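Two complexes, one shared chain (chain A), two partners (chain B, chain C).
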Partner chain A sequence: MQIEVKNLSYTYSKKTPYEKQALRDISFTVNEGEFLGIVGATGSGKSTLIQHFNGLIKLQSGQLNVLDIDLAAKKVDYKALRRGIGMLFQYPEYQLFADTVLADVMFGPLNFGMSKEEAHSSAKEALILAGLDFDAVKDRSPLEISGGQKRRAAIAGVLSYNPKILILDEPTAGLDPSGKREMLNLISSLRKTSGKTVIMVSHNMDEIARYCERVIVLGESELLYDTTPAELFYNYDIATLGLDVPHVVKIVKKLRDKGIDLGTDIVTEEKLLERLTAFFGKERI
Partner chain B sequence: MRDITFGQYYPRDSVVHRLDPRTKLLISLVYIVAVFLCRTYWAFLASFLFLVISILVSRIPVLSILKTVRAVLFILLITVIINLFFYGDGEPIFSWWKIKVTWEGARFASFMAMRLVFLVVGTSLVSLTTTPMSLTDGMESLMKPLKLVRFPVHDVAIIMSIALRFIPTLMDEINKIMMAQKARGADFDSGNLIKRVKALLPILIPLFVSTFRIADELALALDARCYNATPNRTKMKVLSFNARDILALLFSLAFLAVIILLRIGIIG
Partner chain C sequence: MEKIIEVKNAFYSYKSEDGTLDAVNGISLDIERGSFTVFLGHNGSGKSTLAKLLNGFLVPDSGDVFVDGVNTKVEERVFEIRSKVGLVFQNPDNQMVASIIEDDIAFGPENLGIPREEIVERVDWALNAVGMNAYRTHTPFKLSGGQKQRIAIAGILAMKPTVLILDESTSMLDPQGRKEVLETVRALNKEQGITVILITHYMDEALDADNVVVLHEGKILIQGTPREIFAKKELISKTKLELPVAAYISYRLLGEGYDVPLSLIDDELVESICRLR
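After this line comes the complex of A and B, so read on.
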């Protein structure tokens, strides 16, 4: 187990009129190599939860163990913890600051104690991995490259120190459809080639359905469901939580209402197509 | 960072909260003048009583008021030390090299300290009991006479309310950027002074860029809604003085009178 959460609760602005409970008694575990999705309406505590994992928010009550580091301990080595976790915030391009893209990507490796040469080579690797043309962008200011390139540079900034766990908060927000797809394919191929654990917070249920193996649903500060996407979208009513259903699932449900039952495990377009061809025969599609 | 109380509005249902913002601004003006006129312990005692009564009536927890003093603690300390050790005049209690502590100096230092604390607590009581919106409404209304000399009262008021409105937004922004850089291993709490100042660059640069982006978006939104297309804007909430406003003003004027009488030595 890479992450173990037990009875975690968190309250903002304790003992002031703005006091607000963000998380209540949350327990779950994340295993190595998993692709976990976290969903929930705005204000359900998703961001607060993930910010616990690398110690950006200090544990108030409950137990939390990440990469064999006990966050409830009196003294926590946050640097070691953060080195193992690559956290990408919403609109990560707003955190770029250095004179050049290369210097910005080297920021993490240098902070974590790599030498200049090591940092340079791992930054180069990360930029290429993130799909950028290294020689074209390395000396440019992060403010003058395009929006999509900025996001890639920001991702390279966390990949550069080779974290074991990637935590992504709405990684596709603000991107166009093809940008979204490219981003998610990049993440999913990273996971396949390097075996990284990926935790993704998203509002887009199509993305969750397509890429995640497991989903956690937060609502009103509590953990409501911990299940697979197919199970979640077919067996639970998530519309009342203000959550959408993937388009593929909508189509399957509509077909079922018309008397065409394709099963309740279809969450990707490919699988839908496969079932449809099996049902109707190839020539009729 | 999120828990910072910058004299931030503290919602409560009290007489002070319900006072017209103009009343509160006028009273704080009277209060500031009075505190600067204080020259004796009796006068400071009177100011203290006035302050305590105001706080009790406002029903704001004393602790969150005292928190505002924390912001000026450093200035307070410097003021006290300088006045205490370098005042110079009077009978020395203790002296060493150029440092001389005198009764006069101690008295003066304590007066300066009290003045500073009273000013901070008194003025933050206004911002704790008034929403930024009604505060700027009040200021705009009080500054109206300046329109006669072509002073852009409304523009100044809107600039002020935007500035106040964006304090929490920018705090949020700082918080977000800080978290992102910390996640990448940035360290803001260790090393010597130069190292720490350097460590702030990864926060300040994105903050600077974001501020311009937000300002640009806001300007666009204002334009899109035809801001300033009509010369005379009306208000949704029209300010009005009540009996309690008059009573509060009279109370503060009475307090000022006491301070003046103490100052010219008629009483005390």
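After this line comes the complex of A and C, so read on.
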């Protein structure tokens, strides 16, 4: 188990008039190689939760163990923790800062103590892994490349120090449909080829349905469900939490109401088409 | 119908040391007063540049843009044009000016010289329209991304624009927030008669528009009602945009030999499938 969260609670601006409980008694674990989705309406505590994982937010109460590092301990080796976790915030392209793409991506490895040569070769590898043409982008300013390229460069910055866990906060926000697809395929293939654990925060339930094996749902600062996407969309009323149900699921539910029962495990378009053709197969003209 | 905005063969390119980037490549377009128009296009299709041409934020290299009959090239009237055409951007963080929300909303009307009593009314109305009145005395910096965007929209609304342009303004909102903002924008269009131009790459946001304009490589690829647009599957696929799920499923079923007409929304698809029995 790579992450163990036990009875974690967090309150912002404690003992001030602005006091606000962001997380209440959260417990769950994340296993190596998992693709976990975290969903919840705006303000449900998702960002607060993931910022605990690399120590950006100091543990207030409860237990948290990440990559065998106890975050409740008096002395925490934050450097080791952060090297193990690649955290990509919303709109990561706004955080590119160096003069060239290469220098930007090398920043992490250099900070983690790699030599210049090592940092250069890891950065190169990371840029290629992120799907960028290394020679074409390395000497350009991160401000000059396109939006999609910027986001890839930001991902490369995280991949460059080879973290064990990738935590992505809305990795496709603001991208167009083909950009979204490319980004998710990239993340999914990184996970398959390198066995990285991926934790993805998303509002896009179609993405959660298509890519995640497991999903946890936060609502009003609490962990409400820890389940599979299909179970979540078919067995729980998530609309009241301000969450959307994927179109495919809406269509399947409406068909069931009209007497066409295709099952309760369909979350993708391909599966829906497969079931529909199986259902109507014989009556086909 | 009366035209509120007219674009006549407009061209615009960005110039830098690396050369020029042709963003808008000869676009002619009419926006009717009171209409709801959606601009669809992938990143780099020219839709944001076109939006900036519509309120005089950018002026075309060649061709003309008229707002309520006034050419955006007439420098003396640029403030008049900009108060008529309000532009809400993608990133709300770049649109906050004050440390208290009601001051932020009041900033626009204050600059327009609106009397104080009316400013108070407008701030009230604008905050209610985006469902954020409970936060009026808070600071915007502590809000979530979605809430900030609703404040940014309220800030534009307070200037009572004739035309409201939303440039991917819902892309950071959660589904609930997105729905609220879209409902707000639709109500502003239907009830207050505000002309709305919604720029998006969510196809489903285009479904109840009066007019959909699909942009590709700085040109208008197709223009028409949602049904006319989505019937042109080959053209849509060229733009790298995605069909709404119901439309996609209906096309695939048709391809498999089932008698399913093009369906834009879920209910329509469900009915067509039920008829197969």
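The rule we apply is simple: the second predicted complex is superposed on the first by the 281 of 285 C-alpha atoms of A that agree within 3 Å, B and C clash if a C-alpha of one lies under 4 Å from a C-alpha of the other, contacts with A are read in each partner's own complex, and residues count from 1 in each chain.
One rule holds in what follows: contacts are C-beta pairs under 8 Å (C-beta built on N, C-alpha and C of every residue); 3 or more make two chains touch, one makes a residue touch a chain.
A quick note: this is a predicted structure, and the numbers were derived from the prediction, not measured.
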item: When chain B and chain C are modelled together on chain A, clash or fit; value: clash
item: Touching partner for A:H203 - first (chain B), second (chain C), both, neither; value: second
item: Partner chain(s) touched by A:G84 [first = chain B, second = chain C, both, neither]; value: neither
item: First, second, both or neither for A:I251, with chain B first and chain C second; value: second
item: Which superposed partner A:P171 touches (first chain B, second chain C, both, neither); value: neither
item: First (chain B), second (chain C), both or neither touched by A:P92; value: first
item: In the superposition, chain B vs chain C on chain A residues touched; value: C
item: Which superposed partner A:P229 touches (first chain B, second chain C, both, neither); value: neither
item: Which of chain B and chain C A:G108 touches, first, second, both or neither; value: first
item: Partner chain(s) touched by A:G219 [first = chain B, second = chain C, both, neither]; value: neither
item: Overlapping segment of chain C (options 42-50, 60-68, 114-122 or 168-176) - the one that collides with chain B in the superposed model; value: 114-122
item: Those residues of chain A which chain B touches in one complex and chain C touches in the other; value: none
item: For the chain A and chain B complex, residues of the former touching the latter; value: 12-13, 16-17, 51, 54, 56, 79, 82-83, 85-87, 89, 92, 94-98, 107-108, 111-112, 143, 157-158, 161
item: Of chain C, residues touching chain A in the complex; value: 16, 18, 42-44, 90-91, 142, 144-147, 168, 171-177, 201, 240-242, 244-246, 248-249, 252-253, 256-259, 266-267, 269-270, 273-274, 276-277
item: Touch list for chain A against partner chain C, complex; value: 18, 41-43, 90-91, 144, 146-148, 170, 173-179, 203, 205, 242-244, 246-248, 250-251, 254-255, 258, 260, 269, 272-273, 276-277, 280, 283-285
item: Complex contact set, residues of chain B against chain A; value: 2-3, 5, 10-12, 64, 176-177, 179-187, 201-203, 205-206, 209-210
